[in-house]
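Pasting a structure here, questions to come.
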Amino acid sequence: MSALTTIPADIACLADYRRYAEQLLPSPAWHYIDGASADELTKQANESAFARWQLIPRVLSGVTNINTQVNLLGQMHQFPMLLAPVAYQKLAHPSGEVGSMQGAAAQDIGYILSTLASTALEEVIDYKQSADCWFQLYVQPDWHDTLALIQRAEYAGYSALVITVDAPINGLRNREQRAGFVLPAGVSAVNITATQSPQGLQACLNAAPTWQTIKQIMASTHLPVILKGIIAVEDAMLAKELGVAGIVVSNHGGRVLDTMPASVMMLSLIRQAVGNDFLILCDSGIRRGSDIFKALALGADAVLIGRPIMYALATAGPLGVAHMLRILKDELQLTMALCGCASIADISTKHLITLQT
Amino acid sequence: MSALTTIPADIACLADYRRYAEQLLPSPAWHYIDGASADELTKQANESAFARWQLIPRVLSGVTNINTQVNLLGQMHQFPMLLAPVAYQKLAHPSGEVGSMQGAAAQDIGYILSTLASTALEEVIDYKQSADCWFQLYVQPDWHDTLALIQRAEYAGYSALVITVDAPINGLRNREQRAGFVLPAGVSAVNITATQSPQGLQACLNAAPTWQTIKQIMASTHLPVILKGIIAVEDAMLAKELGVAGIVVSNHGGRVLDTMPASVMMLSLIRQAVGNDFLILCDSGIRRGSDIFKALALGADAVLIGRPIMYALATAGPLGVAHMLRILKDELQLTMALCGCASIADISTKHLITLQT
Amino acid sequence: MSALTTIPADIACLADYRRYAEQLLPSPAWHYIDGASADELTKQANESAFARWQLIPRVLSGVTNINTQVNLLGQMHQFPMLLAPVAYQKLAHPSGEVGSMQGAAAQDIGYILSTLASTALEEVIDYKQSADCWFQLYVQPDWHDTLALIQRAEYAGYSALVITVDAPINGLRNREQRAGFVLPAGVSAVNITATQSPQGLQACLNAAPTWQTIKQIMASTHLPVILKGIIAVEDAMLAKELGVAGIVVSNHGGRVLDTMPASVMMLSLIRQAVGNDFLILCDSGIRRGSDIFKALALGADAVLIGRPIMYALATAGPLGVAHMLRILKDELQLTMALCGCASIADISTKHLITLQT
Amino acid sequence: MSALTTIPADIACLADYRRYAEQLLPSPAWHYIDGASADELTKQANESAFARWQLIPRVLSGVTNINTQVNLLGQMHQFPMLLAPVAYQKLAHPSGEVGSMQGAAAQDIGYILSTLASTALEEVIDYKQSADCWFQLYVQPDWHDTLALIQRAEYAGYSALVITVDAPINGLRNREQRAGFVLPAGVSAVNITATQSPQGLQACLNAAPTWQTIKQIMASTHLPVILKGIIAVEDAMLAKELGVAGIVVSNHGGRVLDTMPASVMMLSLIRQAVGNDFLILCDSGIRRGSDIFKALALGADAVLIGRPIMYALATAGPLGVAHMLRILKDELQLTMALCGCASIADISTKHLITLQT
């Protein structure tokens, strides 16, 4: 089946997009997109962890205006959310990364393009409007390839580098393997050459970036550098010491190493360790505006949305992405209003409680 | 299908009424009535939370008389329970609010009429017998409309105002949206005019009541004022300071903001904070007489029953409501007898234990 | 279908007897026997609670002889288990209480006959062999009826009175009500007259025994008196103070008041409160020899087995009861052997651990 | 059906082998192999317990080489894993123990042969390559039979004795009994004579080894002696005091006594009690390389793999075993790489966290 051209009336939340995408996508692509590592326990934990915190609303608060702006890296974002750098978006819809960028732009939401995008990075950023566009970097085995990618991204207008550090080797994608997934014709990582991908554990480890590599990159670009994929408190502290602009607390949506804790479970531990003057983003498992509210309360400055991009693209292309983002915006605003928070700065752990039934 | 004219022999408890209602109601109405906000986690928590406390019965206690009377706002109620102000009761049965009032009157149970009743408030109270009848108020965008409603309620004979403060904006009723629910012909909020309902977040927030509004209402009526929808301990204390007559600890049956804690989980925290000399009612999730017993033990003076009104109306009209209330009365009396409590004042946390299996 | 005449090879444990009984019994009788009060949460808790304690076996212990004898009320029992006083056993099998007595006698297991037995108490005890036979007493509304029952039991040779104190009123047997259960022709409480059963809450409470009644009974019989149905620690202490011979920690298999804690959860609290020199039996939820082991470790002197009598009777009559009891004996012996316990006195909480996964 | 001759593409992990084995094996053999004692709660706990610990990965660690070698009893093993002594392997595949040995040898993994092997112990060790081969001993009722077995094992070249101490009597294999399992023609314990197996509890206890038996064995052989089946901390300490070479913390895969704790739950308690200078192996429930990582972090020097041998043999014979072991090797290496552990010695509880959602 192919994607729909209007939004069905029975799509009320992100889970509904997932339901549609499962129907509309070929099975192997579906399992590649929806699947995760091994037994997918981390993926499940990501989504269920948010229920651990209950919301405490406030009544009669007199809040009449909801302001969701946040300042990230010196730029004002209308909303504390960016699209995560999801690979191969043409798997979900022919419009691919251009489609998701159009959806993001329509909602004034920031965008992060993956190194493994199926569209040329220069083409995607053409559709950028006012919200920022960042580039996600997989360090390449050859330093010159890495440098070339950085320079292309800079030149094209990407305003930050998000270096993924949690996936030096491929995860155990058992579900994907069982489904026999291979990239279909016409979908490939067009911004790099195939020979750049190391094969096998040893080759991957040889090519893996180190703290030294990050230093080298920081010295080679004027772009702010964010490290994506931090879970250990110690790594968050090392990142801050190194002087990077920020981190993304993330377990890669559970796609790399199974039985890692839910990202959001590590957030407050990491925020406590690094202090308040350091940019922390968070991803993995956010499916509701209330999840965003909770992540912010627990220490995140903003969040990234990953798989739902693909669910929405698969269902209704760019229109789907825009609508999906609109749902999240509405849900966050409603949560803020009911909790008596007029601005992002008002969101704190005072609005959360953890009561075990 | 239409409602039954006798009570089927296999209705033994409130869950049985829910089962029948699901069969008898048109699907959209069913999902409007039974549904809740977003993923309905709060609705589920409301119902499952009571199992957290186990009952410790007492034997050979010599109790030979069970007295369930409570004094609420200076009036003696035969039972520590009122019907909650459920909107649009004609959705469940043609008799609507008159039907539920007849059922309540037959069992001598107090009644709260919703601003969004589908029957004129003057018509409903005509069926009042000895038990009290209160009016639930949604503050209207225009002060004069609010005042007019209050005066109509006073004039008609309602003896308290229950102001709902937890729903300044509509909840995310995902299930209801998917089911395509709209009010059918012949069912509407006949006590207000359509133009009084604000549309959209901004309009809702502009029209939302504040603590100042409550003060203004208290100055405009001789009726005691109860605030419905308190979850935060701080809001309970503010309410008491303002001088209202009481509060309803409630999350609106999970219909407004999902992932709020179960109402009953907040009860003892709130009772502890406000002290014993302040009226606390509680609703959300009460389906058994033992649930009423537990809510009273945890600090409530009385409870409200919501959705079961609709389940019972849909199943067997006024007769169903009367029977449903009778079941709750019998169940509470049995629980009191087995726990050795001759009167409501005897019910305390000494009869509860929380043992985790 | 009627009961089997041989034990099927696929009956390996008590749960298998339950499975067969469900197939073989008429549905209303099945739901009467297997059902419990309200939502049956206490019944479920009774069975699942045992998994809370894990067994710590001991190796190379040198135990070569397993002795399961216990002294109860001055009599040596070959096994720390008695058949509980289950009512109306002819519902399960035409042999009724005689059948279960034959099964118990074959395994040298003690027996407690219910006041609500469907067979004359004199007839049942005719089948007694070496193991003790006790009589369970429901106090009757008229003292002379109570006294007459006691004297009949004494005269017939029952050697203890087990007075049930936790069921002054009938439980909310919702499942039984939905199934439309009534006693079939030929099954009735032949030891009492129908007029002795009070109807309605008030009549039940008027007829309910008190601590004073127990004193009166103790003064009227030379038989040792055991109170069955104690859950509150305070009631256990009152019972000991009154001078009864012992108690049964029991929630009546979850048949009276739902959401009571599992019996076994209260055991160690009660044992700690009353000290070691007081007889404590325990029932509700025991389905494995390892459950017996755990109950003894937590403070019970012996346990009662209830519903499994009916499952086994329904499946294969007296033979089924004997085999069911044999399974429990084998399972307890195996558990003792693997835990290095040569005798009942060796069983203690040292063999238990509570590790949460 | 018979075993496959190639590895199906949809086998990505050990659970996939289990799925295939269930399809390929006759039902009774399947239930014998896959089943466990009683309600199989311990078996389930073994597998689910690992999820209690979440992995904390480290990024940018600079690890470029993964060394999985461990020294066990003075011999270097390429991998901290051995095949557990699973009985009657011809049930799974005609190649039986020879098949599993071939698979182990192909992956350079150590091997433990069961006393209840369905192949002569001399024939199996013929297929040994560089990795060590140990012999599992069930102490026989007659000391001369025991001694003869030990001497055969020594003479054949087995380099350690693993004495199983947790199964002096047969477990309650309810599932196996219901399935009517009996050893099929051509599968038997060829290394012992049938008359050596005691029948019944008393005979089993009479024949059961004691601490004295272990001393006697240690005095009769130059082979290092390991005790398999230790769960109690006290038994671990007694074993160390006696001077054995090591222990296997194991609950026999849940096949002996149900409701024992998961083996891995006892690991750190036991390691803490016996100190670091004592060999501890662990089995029961390991199905992932990450499980091995966690067991090592919690105190094991190496682990044993049991049922998966049979799953893999049944699916694809020796090739299946080799592939199954290869999966575990790859998974452990990946886990080590992502956690920044270059060697087994780097694995510690610092890489684990226990966060409850």
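Things to note:
Here the chain labels run A, B, C and D in written order, and each chain numbers its own residues starting at 1.
The rule is short, and it goes like this: contacts are C-beta pairs under 8 Å (C-beta built on N, C-alpha and C of every residue); 3 or more make two chains touch, one makes a residue touch a chain.
Chain-to-protein mapping (UniProt): A, B, C, D = FMN-dependent alpha-hydroxy acid dehydrogenase.
Remember, predicted model here, so these are calculated numbers, not experimental data.
Rotation angle for the C-alpha superposition of chain B on chain C: 90 degrees, rounded in steps of 5. For the self-contact between chain C and chain D, the two sides draw on mostly distinct residue numbers; the shared fraction is below half. If you average the CA atoms of chain A and of chain D, the two centres end up 42 Å from each other. If each chain is reduced to the centroid of its CA atoms, chain A and chain C end up 59 Å from each other.
Across the assembly, chain C contributes 51 as residues in contact with two or more other chains. Contact residues on chain D toward chain C in their complex (touch as defined above): 38-39, 41, 45, 48-49, 51-52, 165-166, 168-169, 171-172, 174, 177-178, 180, 201-202, 205-206, 208-214, 227, 229-232, 234-235, 256-262, 265.
Residue ranges of chain A in contact with chain B, taken from their complex: 9-10, 12-13, 15-16, 50-51, 53-66, 288, 290, 330-331, 333-335, 337-338, 353, 355, 357.
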